[in-house]
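One structure is given below, encoded as structure tokens.
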Amino acid sequence: MSDLGIDLDYIMGRYNYWLFCILMMTGLYITVSRGNLIKKIVGLNIFQTAVFMLYISMGKVIGGTAPILTEVPETIYSNPLPHVLILTAIVVGIATTAVALALVVRIRESYGTIEEDEILELEHDMDFGSGAAQGDPVA
Amino acid sequence: MPEYLTPALAYVAAALLVPFVPKGALRGLYLAIVPLAGILIFWGLTPGTYNAFNVMGMQIGLMRVDALSQLFGLAFSVAAILAALYAWHLRDTIQQIATLLYAGSAMGAVFAADLITLFVFWEGTAIASVFLIWARRTEGSFAAGMRYLIVQIGSGVILIAGIVLLYRETGSIAFTAMELGSPATWTILAAIGIKCAFPFLHNWMHDAYPSATVTGTVVLSIFTTKLAIYALLRGFPGTELLIYIGIAMALFPIVFALLENDLRRVLTYSLNSQLGFMVVGAGIGTPLAINGAAAHAVASIFYQGLLFMSVGAILFRTGTARATALGGLYRTMPLTMIFCLVGAASISALPLTSGFVSKSMILSAGGYEKMFPVWIALLAASIGAILHTGLRLPYLAFFGSDGGLRPKEAPGGMLAAMGLTAALCIAIGVMPAAFYALLPNDVPYEPYTFSHTIVQLQLVAFVALAFALAVKRGLLPKAERGIVLDTDWIYRRLLSAILGSIGRLIAGLWKGAGRMIASSLNWGAGIVYHLHGPRGPFARTWPTGAMVMVVAFLLGMTLVVTYI
Amino acid sequence: MTGSPETQSKSMPGSILLGIDTARGGRIVTWCLLLICAGLAAAGFTGHLHGYFEIEELPAFYGWFGFLVAIGLGIAAKIIGIFLKRKEDYYGAGSTNLEEHPASDLGMEASDA
Amino acid sequence: MMSLIEANLPALQVVLPLVAAPLCALLGRGDRSWAFACLVTFVTFAVSVALFAETYAGTIISYRMGGWEIPLGIEYRVDRLNAFVLLIISGSAALVLPYARRIVAAEIPAERQPLFYTAFLLCITGLLGITITGDAFNIFVFLEISSLATYALVASGSWVNKRALTAAYNYLIMGTVGATFFVIGVGMLYMITGTLNLADLAVRIVEHGDSSTLRMGFVFILIGIGLKLAMFPLHLWLPNAYAYAPSAVTAFLAATATKAAVYVMLRFMFTVFGFDYEFQADTLRMVVLPLAVIAMFAASIVAIFQDNLKRMLAYSSIAQIGYILLGLTFLTETGLTASIVHLFNHAVTKAALFMVAGCFVLSAGTCSISKLGGIGRDMPWTTAAFVVGGLSLIGLPLTVGFISKWYLVLAALELGWWPVALMIMASSLLAIIYVWRVIEAAYLQPAPEGVVRKEAPLSMLIPTWIFIGLSIWFGINAMLTSTAAGRAASALIDSSHILWKE
């Protein structure tokens, strides 16, 4: 079975990694494929979430409980460190999302659109359109 | 002694002060005194390396004093004084500063004990000297100067490449005799060869020297090529290849010198031929040959300088150095004529002149080594020198068909410089013993034997006779307005034709018509512009999605590579 | 040839040599040279000439060798010149071959040009 | 008091600008916030100098954040390498901020300036934090602090040109992807070793042995950091971000942001991974080396065709990063020395050049090369600074650029990699072209009609010329930098386990 067929245990035993992979790819795919700036950020968020999953799942110890001190001495705890790390990472992710959304708001104010294709077209006109002045910081 | 002292320092410091010295006699005096200060720095020191220090693990030595460097240092200094006198009338601060920096760089290079210092000053001579060409301030001189600069800087770049290779190979950057054989030494030889005007690398000289100012050409003729000879004597003595290069170098310019109409260009070809003698001397490499090459280099600094000075004086007074416009100037410029004839006698190696006591050493060295082809070739080259510079040049300028010009005699400064140089040429010829005492090797040599004297006189007299007959019978090329093609054709016509078409193409693309880009895609330039130009994929602002794609792709590729 | 150089002769410092570039002057110079050559060739026989190669032992070797090579070089140059000579404007307008030397660099006092 | 400061220098290095940042925002409009930010950067620079002096002899300072035991708590670890990088970052900041006042006043509305300086200080905090910390996850956090601040700084260029917004957005997406890759890589390492301390990681990776997780981690970290330092095809965010950010920001970022990322790369490659396994060297040489070489050419050629001076310099930076990465892939002491010395040299040169661009923007209102005709006559000092900086970019002797290229070529030849050495020299020729284009415009072309351009104010000229002076001074007297870089390189090589080390 192990040589020719599919090792089901191998695959199922690592389902958290597959989940991570799928989520990551989904996130990246959205970022790549969507032209809408907000949707790209959504994709980015999914991508980051995949990483959170990876960290949290690797902190899991089989049979372990949540890492909250109990009175029972032989309690097995899950590793708390990844959780702490991911708390930080979530904060970072939120901050990033906030900055990104703020930027999108400003882009919408300046360009009148949040579709990347249209923005690129506008910018292309700024560069090469009639009377365009490259490098002129005054738009 | 302060750690950074080198004769070059005196020149550089002096050059910085030039603008603050009032123009006129005071500045003339100042410029003539600077080389004396340079001499004071190195003269009388016991041989050895001074001012050595360590930079990035490499031993730098700013002042190596030995017989060879002292000889060249002294000759350069004296020549710099004479050039300053010659330029007494000059009121052009740029040329004055450039001359000082140029002379200083040459001095610095001569005293360099290591290759890095040599390189710095090597480039220094290139950069400083180009201003002597640009100072003519015409479109043509700007272009010629640019070509000159590219070649000279190129020589420096090749030199540094060679130095890096050598350092890799030997772990040392000391400037000592090298053995040809590794890529490093070949590269260094090529760099020196450019400055030395080896055949096919020579053309910068004939392009640039006649394009400089009156005084600029005189200054240029002194330093660059002699510095290269010095480097050959120091770096490649006894390299057999140099003998053949030297012979080719001594012979081929003869034809050009006989054809040229521009007298300053005639002189550059004759200088080129004389350099050939020195290169042969370096190639033979026996103590006598080295002495001969060094002596000839020094002698040639003065007699060639004298010839350039006299032609410069003619140019200064008549506005032209074209043989076709000159002739019959002996009437009104007799002193210039006499000095020119002294120079001509020296290059013809007439006894009692400097050329006789120096050139015969190289010929004798070839004779002692029983190198018959070398000897006979050099003899032929000497005959050529007598013919084109000893006879034809003064004939065309001062005698020949009267061009109708009646200019005033050269100004006092020029006359003084020419007079002193002429005196020096004769002094060396009359008192060879004192001159020989300065040479690097201690080899007894007596130029004034009965045989030497008589055969040399025979040679000169018969060539003169041949010249007289040839002029009469029209066996020599007539002086005509026009130019003679040389290897500069390759880069001035062939290459510029090719580059011109590419340049036009790029210019067309630059204007940005999309149609043009599309139709020129087949051209390499078009492709580069298409890829890298402002609208090209390399320069374009990519959509975020595409950027992320690139990242993902690279991640995948790297993973694959890592797992293989 | 100028019209009458003699008329200016008094004012010119180099007047001693005046007439050297006439046909007669040329002939005199040529004859003098012939005499000198003959004298030197003869002088060569008065003592033994030490050379490095056997060829130098030939009578008046330097004389005739110099003469022949000089003539040969002249002719060679003439022939090569046919192939290499070009008009001055060959390299286009921006070339020093074509332009006059700028007056600012000159001191052309009293030139009749 | 003094001893207390001395004992907590590593913490002060980061905490000082961090605490100062919100205070700066509270100071209100105008010059007050600027003066405060300046003061803070000066003190930060002093701290860096102290750290550099302390570690120059080879001492390694290990500082326990919050007093936790080392592998558990966060460690700040200063050795020769990161002391050198700290010096570059805080030094650049201390020079850029005095420069910034006039140009920021021109480019950013007064009421936003305190926030601008706040972001600036946060950015400094992040970069210093990345450099000083000895903890892998902490690097990620600081990376994001600096990146978030940078996005804001870049976007603040939108007061002049709205394209700064999209540039910042793109940078944000790319930067986040990069940082996330990095954190994935760190996660992989944590999975196999159970530690995040860099020194500890190095030991445990050896104990653990080769595994596919390790390889995954290696690749994710390589690509993640590669994104942050603008390794060639991952550089796409950089040109616009540099071109449209406010001039002072560009000068600061060019000198520091990519440099800090390069430092992380060096730290991970040599200290953490240490080349115990063949695959690490192979990946570097098969992926990074060709990309570095392509960067040297492709980016330089793009620079030739650019009309916007800042964008041209940005592309030139990408090419220069190619040199730095090239030195790294040699995996020799000379190669590393070249990389580290170029880290410094390029920071100095590029900062100066971007500052010149800023001066042009201030006085001429443009940095379009085609509109800078004849500016050499109107702004002689500024343009002269560009010429000298440009020469250094080309790598002419007596400038710092020469020193870096010298070591780089030397390193290539040491390995017998002739073609690479030749390519290094050939790509320098491209630099001549793009520098010449500016010089030609500045000196040889006529000034446009009716334009009045004044020489830049002294407050901008002096910092610019200090950078230029440094690039000459360290070009002539390369002892200090090359010794420091050489020592850092040998320390890195020693800390790695390069199998083929003699």
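So that you can tell them apart, the chains are marked A, B, C and D in the order they are listed, and the count of residues begins at 1 in each.
Basically, contacts are C-beta pairs under 8 Å (C-beta built on N, C-alpha and C of every residue); 3 or more make two chains touch, one makes a residue touch a chain.
No experiment lies behind these values; they were computed from the predicted model shown.
J.: Tell me, please, which two chains come out on top when C-beta pairs in contact are counted per chain pair.
T.: B-C
J.: In whole angstrom, how far does the Cα centroid of chain B sit from the Cα centroid of chain C?
T.: Roughly 25 Å separates the two chain centres.
J.: Taking each chain's centre as the mean of its CA atoms, how far is chain A from chain B in angstrom?
T.: 67
J.: Averaging only over C-alpha atoms, locate the centres of chain A and chain D and give their separation in whole Å.
T.: 26
J.: Mind checking the centre-to-centre distance between chain A and chain C? Centres are C-alpha means, answer in whole Å.
T.: 90
J.: Can you list the residues of chain B that touch 2 or more other chains?
T.: Only 534, 541, 544, 546, 548 qualify.
J.: Enumerate the residues of chain A that touch no fewer than two other chains.
T.: Correct list: 28, 31, 40, 123, 134.
J.: Mind giving me all the chain pairs that touch?
T.: Contacting pairs: A-B, A-D, B-C, B-D.
J.: For chain D, which residues count as touching chain B in their complex?
T.: So the residues of chain D touching chain B come out as 166, 169-170, 173-174, 177-178, 181, 212, 215-216, 218-220, 222-223, 226-227, 233-234, 236-237, 239-240, 279, 282-283, 286-287, 298-299, 301-302, 304-307, 315, 397-398, 403, 406, 409-410, 413-414, 425, 478-479, 482.
J.: Show me the residue ranges of chain B that touch chain D in the complex, using the header's touch definition.
T.: The contact residues of chain B facing chain D are 55-56, 119-120, 123, 160-161, 164-165, 167-168, 528-529, 531-534, 536, 538-539, 541-542, 544, 546-548, 550-551, 554-555, 557-559, 561-563.
J.: For the complex, give me every residue of chain A touching chain B.
T.: 28, 31-35, 40, 116-117, 120, 123, 127-128, 134
J.: Quick check on the complex: what are the chain B residues that touch chain A?
T.: Checking each residue of chain B against chain A gives 512, 534-535, 541, 543-546, 548-549, 552.
J.: Of all residues in chain D, which touch chain A in the complex?
T.: Within the complex, chain D touches chain A at residues 137, 140-141, 144, 148, 151-152, 155, 158, 160-163, 165-166, 168-169, 172-173, 176-177, 179-180, 183-184, 187, 190-191, 196, 243-244, 307-311, 361, 365-371.
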